[in-house]
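Every chain is named by a letter (A, B and C) in the order it is written, and numbering of its residues begins at 1.
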Amino acid sequence: MGLTSMLHRLAARHAHVLLVETPGHWLTRVAAEHHLLDRGWRLAQSPADADVLAVCGTPGVELATVADRLWQQMPGPRVRIGIESPEQVRHALDIAEADLRDITRQQTDSRVRRGGRGDQTRPDGHPTGGHGPHGDHAKGGDEHAGHAGHAGVAHGDMDMAPAGIPLANRGEDRDGLELDVLHVRLGPVLAYWPAGLVLRCTLSGDVIVDAQASLTDPSHRTPEHDSASRSGRLFAARRCDNAASLLALAGAHDAASGARQVRDILLDPDGAADAPARLARLTRTVRRSWLLRWSLRRLGSLSRSDLVNRDLPDTLEGDAHDRLLGMLDRASRAVAEESSHRATGQPTVPVEAVAELVRGWDLATARLIVASLDLDAAAPAREVSRV
Amino acid sequence: MVSHVAFWVLAVVAVLAGAAVFIVNSMARASYALAVSFIGVGLQVLLLQQNYVGVVTILMMVMEMAVMAVYMIMFMGMNPALMPMSMVHDKRHALAVSIGVFVLLAAGTLIVPWPTRRGTPPADVTMTLGEELMGPKMLVMAAVGVVMAATIVAGVVLAAHQTRYDRFGDDLRRRPADDPQPGGVGR
Amino acid sequence: MSDPSVTVVPAFWALGAAGLLGLLASVAAIVDGLLSARAAGAAAGTGWSRPAGEVARLMWQRRRATVAADTLLWRTGGAGLLVMALMIVTVVPLGAWTLFDLDVGVVWFNAMDVLAWAFVWLTGWGANSAHALVGGYRFLAYGLAYELPLMFALVAPAVAASSLNVGTIAAAQQGLWFVTWMPLAFLVFCMGVLAIAMWGPFSAAVAPDVAGGVSAELSGVDRLLFLGGRYALLAAGAAFAVPMFLGGGAGPLLPAWLWVLVKTLALLAALVWLRRRLPVVRPDLFMEIGWVVLLPAVLLQDLLVAGIALARS
């Protein structure tokens, strides 16, 4: 058994973690990300890829339901942890690793799942995570979880519903061809996605013909953990985190890692003093990459008049590439000025505007555009009453 | 001996996969059953030592099936892999035609007096075959290729909704063009 | 027809070739693990053991099924990439030995690389999930753009050596490697290899912007085969570039087979390194590049090579 336990230990040392960020718990999520990457773990892109589900903060009803669904979709061996504050991260990850290595625990989990088959039928109308329209399930797990993924499909002719999934409607795409339309929900849990944002998209092919944006649990709002200590460094760290998301979505892995490291230094109270220098180096690299400019230019362009018409902050002027450079510039300025007036917060973007901006773009490009909006996780929330 | 067995096994695989095209109830499976059938035939041609023709058959057919599956699914419009659907239409006529063609071809293979080999096969069979097929007509073949490519381009241009006036404006001066999604060259 | 300098080894050596391919793929995975760990600021030890850790993790993980999945096609697609890679290395001569001395080896490579169209799309299709399907179609969009330039890039060495046999092409560059006078064809070939392996700048089919795309729903041994297939394809593509562009076994001091391995490893490491440096080339942009820039450029390269070959003969 020596070999088996060695393999289990090896596997647990390389776990993949799916992070669920409750709006208002950005610091916790960032700390979790930092510590898990530090120990050589990796971020999972989908529940199928995850060993650990880490819920950062206390989720509201809607987000908790989503987390439950994601938990069901994980293949197992699996561990679920809740992290309430940045200080708890290290301990929580240690527990997760120990639980992953605990063979009897995992065997029990697997037996319970198999035994629970069929008892877990859910009525339609539950939200899913961002993954897949058909709400997949782990083998031997909940056979009926798949129905719920179709909450958004606007018809219910069950005769035409193999495996309980209704067939698609048809609609015109942007070239005037009549194609199937598919309803896919993006968020609230998706890698490099603003916390709490949900986009209900109507796709024809992979082009978003229509989208509605909303926020999870609008009434369940925990204030940002550290609202008292809003400083220039914190403001800059957020910009770096958003830049890291956009860079990661664009596939620039080294630049994304760099942005993440600058963010972590900025958040560390006794962090190194070379943060401004590193930030400047990162900005230079990003600015110099012509491939990055080529891939992000002309995406989601907003002119000054567009901004005025849609009531958007003027930091969003230009295309995705301009906005990426803008994030890094604002981060540099905030670090230089420490706590200035600018550090009081990021101007807010109404959620409706997010939906409007992705209409007509394909799914992947829409992700880039959303990431380029430099949203503070909590920012759309303040606008919810107005929308 | 081994190659004889392989040849017959491939023949059976090709026929069965061909039949599967009409039996399975999903478009993806039907397309790729056809691809498997063609791969079987391609490998048989390889065994006949027509290496070039055999490998090119595999190459073209796999690519063709990938493209065919895309178009079929795009225009037929069904949820992925969900709705079982029949792969046969107009069964009576189709059956009559296919039996007729089979009888004709089978009779042909049995009745035709096959020539016996005179001389030895050339060193490069592919080259000889190519010259035999199109030696004196090479110019015609080359021209046909260009015409076919032009037809495809013209077809796409005629089918496209967007004209250059939509892209470049009424005076054709707008740069960059107004595309729903910008292209890579930046025209 | 085929080059006499190449000896065909008995079929059981296929196991050795598979082992060697596995070794190369592992080296690629370790290099990638080290580079990623260094960039993420993680402990260096985790970089070394990352491939082993991934294997242990995925062997232990349960296989997953999705609702109304086409399991047959899904699993075929996932396992197919590994088969493709093995088929490609059969025609690559290791110094003086080859497994399959096919007179049309270059076309064989081409036929095998086209199988990626089928396997990747099937993996995306079979899972019955929107992100996976979008990933599959993104790969086909790449395919439509890279395949023709890749084909014409393969034509250049074949024309220069007046043969489609891989051994003969390697032997034809004893004096001067083809990469020196057909650099564009070499670059386009490397691009094709990256695209087939869904690697680095051509990883849109499995990218985070579509939540992992084709691989979004894969878990356990299915994911392991798919990931292993990608590394193996990268290794097989690098190995095929050696006789085509990098002079095969030509080189001073070392024996020919060792030179083949050294060159393969060098190219493989470069391809792995590239992943971290370059952003993803989005398929909707690359489509135009492939047809408007690369295809004419490669055709010009072919014309040049054909002219030189005519003048030399």
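Note that a residue touches a chain if its C-beta (ideal position, glycine included) is under 8 Å from a C-beta of that chain, and two chains touch if they have at least 3 such contacts.
All figures in this text were calculated on a predicted structure; none of them were measured in a lab.
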item	value
Distance-to-centre winner among chains (Cα means, whole assembly as reference)	C
Chain whose Cα centroid lies at the greatest distance from that of chain B	A
Between the pairs A-B and A-C, the one where more C-beta pairs touch	A-C
Euclidean distance of C-alpha centroids - chain B vs chain C, Å	25
Distance between chain centroids, defined by C-alpha means - chain A, chain B (Å)	43
Chain centre separation (chain A, chain C; CA means) in Å	32
Where chain B touches two or more other chains at once, by residue number	82, 181-182, 184
Two or more partner chains touched - positions in chain A	162-163, 165, 182, 205, 294, 362, 365
Set of chain C residues in contact with two or more other chains	68-69, 128, 137, 284-285
Residues of chain B touching chain A in the complex	74, 77-79, 82-84, 160-162, 176, 180-182, 184
Contacting residues of chain A [partner chain B, same complex]	160, 162-163, 165, 167-168, 170, 174-176, 178-180, 182, 205, 294, 297-299, 360-362, 365
Sites on chain C touched by chain B in the complex	1, 68-70, 72-73, 102-104, 107-108, 110-111, 114-115, 117-118, 121-122, 125-126, 128, 133, 137, 140, 143, 147, 164, 284-289, 292-293
Residues on chain C engaged by chain A in the complex (per definition of touch)	36-37, 39-43, 45-47, 49-50, 52-54, 56-57, 59-69, 127-132, 134, 137-138, 200-201, 203-204, 207-212, 215-220, 223, 275-282, 284-285
Interface residues, chain A side, partner chain C - complex	7-8, 10-11, 13-16, 37-40, 45-46, 48-49, 51, 73, 75-77, 110, 130-140, 145-146, 162-165, 182, 184, 190-192, 203, 205-206, 247-255, 257-258, 260-261, 289, 291-292, 294-295, 362-365, 367-368
